[in-house]
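Take a look at this one; I'll ask things after.
Naming follows writing order (A, B and C), and every chain is counted from residue 1.
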Amino acid sequence: MADTTRERGKVNVWGVLAAIITIAYSLPILWLVMTSFKSRIDIFAVPPKFIFRPTLTNYIYTINRGLFWGPLLNSVIMSVVSVLLAVALTIFAAYAISRFNVKGSQLIMFMVLSLRMMPAAVVVIPMFLLYRLLGLVNNYIGMILLYAMFSIPFSLWMLKGFIDEVPRQFDDAALADGASVLQVLRDVILPQLGPAIATVIIFNMIFVWNEFLFSYILTGVETRTIPVQIALGIYTDKGVDWEYVSALSTIYIVPIVIAVFALQKSLLRGMTFGTIRR
Amino acid sequence: MAQVRLENLWKVFNGKVEAVKGVTMTIPDKTVVCLLGPSGCGKTTVMRMIAGLETPTRGSVYFDDRDVTHLKPSERNVAMVFQFPAVYPHLNVLQNISFPLIAEGLSKAEVEQRVQEVALVLGLTDVLKEMPKALDTGSRQRVAIGRAIVRRPRVFIFDEPLSNIDPNVRVEMKSIIKQLSRDLGQTFIYVTHDQSEAMTLADQIAVMKDGELLQFDSPEEVYERPANTFVGWFLGNPGMNYVGAQVRDGGAGKIELFSDTFSLKVDAGKVAAGTAALSGRKVRIGIRPEHIRISREEQGGNWIKGQCALTEPMGAREIVHVRINGDQIRIKTLPTDVIREGDEVWVYFPEDHIRLFDADTGVRIGN
Amino acid sequence: MQERMKLPFLMPMLIFLFVWNILPLLWVVGLSFYQFSVLQGGIPRFLGLWNYISILEDPYFWERFRTTFSFVALAVSLELVIGFALGFLFNQKFPGKRIMLPIIFAPMIIAPVAAGVFFRFIYDPHWGVINYFLTKFFNIRLEFLEKADLALPAVAAVDIWMWSPFMMLMCLAGLQAVPQHLLEAAEIDRIPWFMRFRNIVLPHIRPVLVLAVLLRTIDAFKTFDIVFVMTGGGPGAATEVLPMSIYRQAFLFFRTGQASSLAVIVLFIAVAFTSIYLMMIPKEA
C-alpha cells in the first residue's frame, strides 16, 4: 500500500489488472454499440460475431421506423428547459439560504435531501391524478414543470454548497459599495459560479434525460421521451426488435458518454451528492 | 547494529527536481550522526531512501555489507520518527506503542514490560489510555518516538522531530532525545536544520546543501574547519565571518593577506600549511565571531581598522557589526566594551583561528 | 434590506416544492384511506385503515416485501464488495487511470431503461452472448429472465453493474482520506497488511462506507425502471419489487386506493432509512 515507486522497469501489475477490468466493465456498452452496427444476420448469428462488417442499416431503419425525431426532440427540450428553469429558481433560494439568516434553513435542506430519497412510485399515483385534474397529461408544460421539480433537490444542495465556498467578503464589499442584493448575485456570485452551475446543469440534464416512470405514465405519443420509446419500441409484430433498440440506445447514450468525460473532475462531487461534506 | 553506507545516491523527482545529487557517506555503527542543512536541501529525501520509503534514482544503500537499495522498509528493520508526528489516530497511546510489538507476535508480558519501560523514559505513563486527539503535538511526537524505540531496530532515523513542537516543550524533549541517543547505543541518524541541536547531539555531523553532501566530520572539525564558506556560515550563531583579501609572500615563513585598507602578516605554517603557491590568489578570510578581538583605541600590527555599523544584544553577549572594506563582519563580545554605531574600531584576528577559502569556489584552502 | 429579499428569493422554490411534492404526498396519504379506482372514477368511499389491513394480511404482499429485501440485500452487498475491490485497485499507482476511470463510471449515468433493455439482449437464451459461452464451455443454457429463481439475481446483476462504480467512488474518496504518512509509518513499523487495514485504513473509510451503503440501500429500494423493462415484475411475481407492485396495483389493476396505501408503507420505510441516513451524515459546521 505504501509502496511508492519501487516497481520501476517492472510491468505494473495493478495497471494491467485495472486495464483488463476496465475493458470487461465496458463490455456491455461495447457490445451494445457493436450490435447497433451489425446487420440483422450478424446480430442473431450463432456463435456471436465479434468481428463483422459494420453497417448503418440499423440507424437508417431506426430513423425511418417512426417516432424517432419526436421523442429525441422531446428529450432534448424537456431536459434543457426544465433544468434551466430549476437552476434559475434555485440559485435565488440557494443564495438566500447560504447568506441570509433563514429560519428553518436546515429543515429545508433536509427536506430537499429527503425528496431525493423518495421512491418515484410513491408519488406517481397522485401525480397522475393531479395532472389529469389540471389537464397537464401529455402536455409539454406539465412535463417541464415536473422535471424542474425533479431537478430542484440536487440543484439546491449543490448550489448552496458552491455558494458557501464563495467568501462572504466579496458580497460585503459590493454591498458596501451600494450594490443591491440582486446586483451582488448577478455581478459577484454568478461569475464565480460558472463551472459549478455548468456541473449542476449537466448532472440534472442527465437525470432528466434518463427519467422513465413519470414520462411513461404522464406522456402520450406527442410528448414521449426516448427512454419510454426504447421501453415501448422494443416489441414489434415480428418480436423483439433488436436492430431498433440497439441503434436507438446507442444514439441515446452518446450524449451521456460525452458528459462523463466532460464531468471527470466534478463527477465525485456530483455523484456523492449529500454524502461527503465539502 | 549496522553501519549505513550510501554510495553515490541520487534522487530525481518527476524527471526534473534533483533533490539529492550524489551523496556518498559511511555512517559507522553505533554513532549518532546529525544531518544538517537548510530547508529543502534534500535531508528528508536521503532519510526516506535509507528507510526504504523512496527508491534512489541512482546509487545504492548498504546496511553493513548488505545492499538494501531495493528492500522494502519492513525488510530493513529501521525506525523513523517523522517531522509531523505520525500517530495512529484510532488507537490509544498504549495501543500505538505496542502496535509494532503485537505485529511482531511478542508475548503479552513482554509487550507490557517493554511498553511500560518506554513510557517511563518518555514520560507517557499517565496518558497511556488517552487517544491521540486529546494530546498536544509534543506528546504525540513522544508517542511516535516511543513506537520507534520500543521495537529496538538496527537504525534509528529522526527527521526533524522537534521542528513542529512548541518551543518551550522542545528544550525538555531535546534532552530526552539526547539521553535516548546515548542509551540506545545504536546507529542513530538525526536530521535537523538547527545547528545548535546538531552540535549538542552529534558524534558526527553531515552538512548538506542543494542536494549535495558538503562535509561529514566530527562537530569540532566541522565547526573549526568548515569545508567551505557555506558550512562555516551555516554553523555557529552567528556564523563564520568572511573578509575578501589577496595573498602575497610575506617573507620569513609568513604570508601577507591584504586589501585596499588592511594588510595582515600571518604564519604560513599555521594558516595555510601544506599549500604551496598561494601568492597572487584571491581568498576570503574566515573567522568566527567569538574569536575576534575588538578595540576602540588605535592599534598597530595585525589590527584592522573598521567602522561599527550596528550593535545588538544577544543573551549575555553583544554582537557588534563592523564594516571592513565592503565586507561586514559580526563580532561576539562582552557587552562591557562600549561601542556605538558609527565609531571607528580596530579588530584583531588571532592567527590560530584564521581560515582561508578560495574567493571563487568558497572551498577551504590549507588547514 | 436583506430581510426584504428573503421571501422573494425563497418563495418560488418553496411553492414549487409544495405543489409538486408535498401536495402529492399528502394526496397519496389521503387516498390510502379510501376505496377508489382511477378507472371507474366516482366518489371515493372512506375505508379508514382497511386498505392497510388488507395489505398486511395478504401473504402476496409479504412476499413482495421479501422480494424487495432480497433484491436490495443482494445488490448492495455485492456492490460493496465489488466497489471496494475496485476502489482498492484504483487507489494503486499506475498509468492510464484518467482514461479508465470515466469508462468504469459510465454505467452509473446510463439510463436504467437502456441498461435493462440491453442486458435482456445479453441474457437472451438463444442468441445472447452469455448463453453462447455457457453452452460452449459448460453445455448448459440458462433462461435468466424466464426462470423464477434466476430472474431476481439476473436483474440485480444489472443494478450491480451500474452501481458498483458508485461504491468504488466512495471507497476511493475514503481511501484518499487515509493519510499517506500513517501508511508509511506502518510500513516502517513492520505492521502486516491485515493489521494495517484493520487499524488504520478501515477506521478512516468506515464513515464514508456506512453512508454509501445506506444511500445505495435507499436507491436500490426505489428500483423500478430496470425491473419494468427486463421482466415487468415476472416471471409470475418473482421480480415484483415494491415500486413495481405499486405500479401494477395502480395502473394495471386500477386499485388506486390500495396502491396508495402500499405507497404510504413504502414511503414510511424510505423515510425510516432516510432518517438513519440523516443521522449519520456529518452535521453542518
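We take it that a contact is a pair of C-beta atoms (placed from the backbone, for glycine too) under 8 Å apart; a residue touches a chain by one contact, two chains touch by 3 or more.
It should be emphasised that the depicted structure is a prediction, and the values quoted were computed from it without experimental measurement.
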item: Relative to subunit A, chain with the most remote C-alpha centre; value: B
item: Leading chain pair when contacts are tallied as C-beta pairs; value: A-C
item: Subunit B and subunit C, separation of their C-alpha mean positions in angstrom; value: 61
item: Euclidean distance of C-alpha centroids - subunit A vs subunit C, Å; value: 17
item: Residues within subunit C bordering two or more other chains; value: 184, 186-187
item: Numbers and ranges of subunit A residues touching at least 2 other chains; value: 2, 4-5
item: Residue list for subunit B, restricted to those that touch at least two other chains; value: 53, 72-73
item: Residues of subunit B that touch subunit C when the two form their complex; value: 51-53, 72-74, 77-80, 82, 84, 86, 88-91, 99-100, 102-104, 144, 147, 151
item: Touch list for subunit A against partner subunit C, complex; value: 1-2, 4-5, 12, 14-15, 17-19, 21-22, 25-26, 28-29, 31-32, 35, 43-48, 89-90, 92-93, 95-97, 99-100, 102, 106, 108-115, 117-130, 145-146, 148-149, 152, 156, 180-182, 206, 209-210, 212-213, 216-217, 227-228, 230-231, 234, 240, 242, 245-246, 249, 252-253, 256-257, 259-261, 264, 267-268, 271-272, 274-277
item: Footprint of subunit A on subunit C - complex, ascending; value: 1-3, 5-6, 8-10, 12-14, 16-17, 20-21, 23-25, 27-28, 31, 38, 86, 89-90, 92-98, 100-115, 117-122, 126-127, 129, 132, 136, 161, 165-166, 169-170, 172-173, 180, 183-184, 186-187, 193, 196, 201, 208, 211-212, 215, 218, 221-222, 224-225, 228-229, 242-244, 246-247, 250-251, 256, 259-260, 263-264, 266-267, 270-271, 273-274, 277-278, 281-282, 284
item: Residues on subunit C engaged by subunit B in the complex (per definition of touch); value: 181-182, 184-192, 195, 199-200, 203-204
